[in-house]
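Both complexes below contain subunit A, partnered by subunit B and then by subunit C.
Now for the complex of A and B:
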């Protein structure tokens, strides 16, 4: 089989995983206006807990240390990963969402991210530190027994199924009265509470749901690459997802999908084909960041709402205008 | 809208309510009762604590003392969303439309008990939300039609005009099925046609059983539509009753004029209209036909004003008269302005503020921004930043005028008292040796002792040959200290003259309304209403 097909299907898997992440971020930031600057932490927690739930008990030979080691099948492990991300989201929300000011939330999330990152990175005895975990069994492959190339196709289907279901659910939330209330809170939380909406409770709900999206995406990634370490969840990764959402169009799930394709997949991957200049190994990643940053600035400059901006709510089949407007107000 | 069997009796009982910002007691033992089924007004001069009171009652701020009882339930200290669910809905002083949502969506947020707001229903049973929306959309469209907003239903709310936003504010509130609506200045900044329209809506909604309490400065509107008026001043409720009775209440008059008048009102032996013929010195500042505002609706209209070197000119008027707006317009801070502003022979109208400052006019705003981490001395240096030479010398000169500041020279700006801050603001404005100084309420919030000190300084500044224009809330002080007084009402010159002449006018009735019917009609035509 052509290596390109293998490469493309790998990218498709990444695309689905990024799409799920960006939808979760869109629920939090695009819909409810929650500035979660450590979104990737929830992705990482989901990935880590999924991984360690699938791995067997740590043994001396592999020289890896981690908690759990339950040898659980992937669906249950993913559930544990998603739950862990949701619980952490709840805890962060308890601290950060009490105050309505979004800058307060942003600072709390940045701090939480730094604390969790350092805690895991330094704590080699419990989390294996920066080395992370490796050798996570491929989901379902103990019964499927596929070769690596064919397995990638299977995973395209698996991740695609998750993306489809989570995409539909995200769209339903956005279009529901809940989504409307969340957008009202985003626009003006004081007004929302003046109309009886408990901003704290609503923001907490979407905080947890968004973090569960991140956790599922993380779990899917760990299942696919069978390894995970702290190097993959730096602040820059959160920025990449924000860039995806802002470029694609915040408050629009199709925009989030487009952003997930353009930023982390197309622009990140395309730069991998740049010729490496000998002696400057850091140059390509730096250029990659510059290109993403440049794209973000260009979009914010030319089309600040994103390529697919938030759309006006439609109420199909609901309009039954009985009277014409009699009054004209200036 | 209310399904209560009780149609009379109190709906809102406020007792001894208190709230303070730092040391300032904004609401200080306010007590009043609102009965079911009427349109009630909450009036009072600037800084009386009306908006703070609303915020405490509606749960946006937490009461420090006292109780609020709504519909028989004590709601003191409840969070605002809980209070709203009881049926007490408030609007905001500045329209707070949900700008990024359509007008129709704005209408669909308030209805209580929407099952579609439940996360599981939203994700797994979307039909529930859709079915409920269908009913709500019908209701919302009918309401929008009533309010003349039907054609704008699919517009983003931020694109509505100022008047439409005010209508939406009210229409949206009705969607929340309120028993009591508290409106914070619903008529502020809207045009005359809309005043009438809004009045009609309020009357109609009252008929549906909603009780209203509205903060309102426009006493003509209050006169026309309110059954019961509560007067607040300095955080307390002064009096309550019918407006016609309250107009004769000594305490109310005193509160509105900022202090008891030492001259006798009603003696109009020298009509203020004659003063046009009084000879005045050659003005350094001459304002003609100045019209300005923040949006398309002008706040001040065709205002005239003159100031002579070495004289103090005071501008007084009820709140909302446009006094501060006039100063800002003169100083080039408002974009929508027309008319002439002549400073020492040069027309400076519509110049940017920095150019006006360089040409010899200084402006000291009501809230003075001093650099808190810089000393008094350094703050003054900042005021003389554009001086090319002799900055130190000028600081010394200015400090000679303000002995109090000289004593506090090394103190940090952040540690100054309110009065010292006001002085520093004035002193800083003098750094560039202006020909004209505009002062916006330099004595607001100061103790009587410090007020007289500030006025002493104002006289000293004038005695150096500067023309001083002071906006003053306290009419008695203005008459006492100024050479010439302008009375501004509803954005227009109402009367002017030497302080002694203006002092003999019937100022209480100018400030509190009760003008003859022909005047009233003219006032309505202006949109702001005659008074306040």
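Now for the complex of A and C:
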């Protein structure tokens, strides 16, 4: 198989994973206005728990340390990963969502991100620190026994299936009464409360669901690349997703999909071809992060609604029986 | 007991560093009503500019520190004038402003990384012998950190209570609309607040670097949530609350290092933040309309 086909199919898998993450972020930030500045931590928790649930017992001879080690099949491991991400989301929500101001939630998420990151890096005896985990078995491949190239095609299908189901679910949530309530809370929490909507409860639901999306995306990534370490979940990664969502169009699931293609996939790949300056290996990643940060600010200034803006809800009037009859006459 | 007394002394130093930084956050939040997530990078810029002035240009170290402090203030003022205020004036929602400041933190921390590289650096001070004060041990630079903080806090108190500009800042913090119709030039006060907040951040970054002896590009950003813990504990928007919060967080983190393990210093600050949000989210000193 030509290397290009292999390269493209790898990119397609990444695109699906980024799409799932961006939809989850769109549920939180785009739909409900929840400012989660450490979205990538939930992605990481999902990935980590999926990985360690699939790995066998830690080998005493190797230096890799991790918890669990349950040798579970991928679907159950992914469920564990998603649940772990959801539970962390619930805990963060319990502390921060009671206050209505977004600042508090943002501060708590930033702190949680820093604490979890430190905790994993410092406790090398438990989590293997910055080296992370490696050698996670490829999902379903013990029964499929595919060669690496064909397996990539299989994974395109697997990730695509997850993206399809989660994309439809995200669209269903957006258009459901729950989605309407969330948008109402986002626009004006006081008015929503006056109509009897418990904004704490609704925001909590979407906080947890969004984190589960992140957890699933993380699990899918670990299943694909079979390794994971803390270098992959820095603040810059969260920002890549925010940039994707804002460029594509927050509050619009198609926009999130478009953004997931434009920013993490296209932009990341394009900057891979930048020349590395000898002696300064950190320069290119630093410039890349500067561009992401700058892009985010520029989009918010030039076109805050993104390429595909959220469609405004139309009010067709109240359908009383009398009015329905009148409309039929017309 | 003497170990605990020693750690109490270290706690006072950390509290002094925190107080400078936390008051800067709180003043700016009070006046503009949004949190600046790039504040940690202000600290980092302060210390790197000081390092460049003293190492690169061989200026006198104290002159370098003063110039660096001032330069962060000017930088913060310009950032507000040309980036943040245009967003705020457009009526951008709070969410956007927070994303802008967070995007700015990503931009600035990587700019620092690109300019100065990832290696640890330190401001050169001659190694010092600690003096004994009762049960405490302090070096001259540690004493000067406490001194700087005490002088700065006193000056700030005088500014806020005795001068017109300070009173105007407090008025804006209570209500921007009422301040404006009372004839306060809110643009000028906002600029001054950012200048002051930036200077405090620059100074805090420098004394933090002196206290922990070395720094690298992410050092301010990593300290940011400890600052936020102090600000929220004290009551966001209240400068006096921020001082109080800094004292509590500073003492708690350093003394816990003796009682538990110094690796969990930050976790103690985090635990206090969570407890505050659960038990008394308005903080020790409550500011109306800020929580």
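The rule is short, and it goes like this: the second predicted complex is superposed on the first by the 303 of 330 C-alpha atoms of A that agree within 3 Å, B and C clash if a C-alpha of one lies under 4 Å from a C-alpha of the other, contacts with A are read in each partner's own complex, and residues count from 1 in each chain.
Quick note on the criterion: a contact is a pair of C-beta atoms (placed from the backbone, for glycine too) under 8 Å apart; a residue touches a chain by one contact, two chains touch by 3 or more.
Quick caveat: nothing in here was measured; it's all calculated off a predicted structure.
Chemist: Look at A:235 in the shared chain and tell me whether it touches subunit B only, subunit C only, both, or neither; answer first, second, both or neither.
Modeler: second
Chemist: Pick one for A:313: touches subunit B only (first), subunit C only (second), both, or neither.
Modeler: first
Chemist: Return first, second, both or neither, reflecting whether A:192 touches subunit B, subunit C, both chains, or no partner chain.
Modeler: Once the two structures are laid over each other on A, A:192 reaches subunit B alone.
Chemist: In the overlay, answer first, second, both or neither for which of subunit B and subunit C A:179 touches.
Modeler: Only subunit B; A:179 stays clear of subunit C.
Chemist: Does subunit B (first) or subunit C (second) touch A:150, or do both, or does neither?
Modeler: Once the two structures are laid over each other on A, A:150 reaches no partner at all.
Chemist: Once chain A of both complexes is superposed, is A:290 in touch with subunit B (first), subunit C (second), both, or neither?
Modeler: second
Chemist: Can you pull the subunit A residues that subunit B and subunit C both touch?
Modeler: none
Chemist: Name, in rising order, each residue of subunit A that touches subunit B in their complex.
Modeler: Residues 169, 172-173, 175-181, 183-184, 186-188, 190-199, 202, 205, 209, 251, 310, 312-313, 315, 318-330 of subunit A touch subunit B in their complex.
Chemist: Can you name the residues of subunit B that touch subunit A in the complex?
Modeler: 58, 60, 79-82, 84-85, 89-90, 92, 96, 98-102, 104-105, 108-110, 112, 114-119, 121-123, 126, 129, 132-134, 137-138, 141-142, 144-151, 154, 156, 161, 163-164, 167, 172, 176, 191, 193-194, 197
Chemist: Quick one: in the complex, what on subunit C touches subunit A?
Modeler: Where subunit C meets subunit A, its residues are 34-35, 37, 83, 86-87, 92, 94-96, 98-100, 102-111, 113-114, 117-118, 221-222, 224-225, 228-229, 232, 236, 263, 266-267, 270, 273-274, 277-278, 281, 291.
Chemist: Along subunit A, where are the residues that touch subunit C in the complex?
Modeler: Those residues of subunit A that touch subunit C are 29, 33, 35, 37, 95-96, 98-99, 101-104, 106-108, 110-112, 114-115, 118-119, 122, 235-236, 239, 242, 246, 280, 282-283, 285-287, 289-290, 292-294, 296-297, 300-301, 304.
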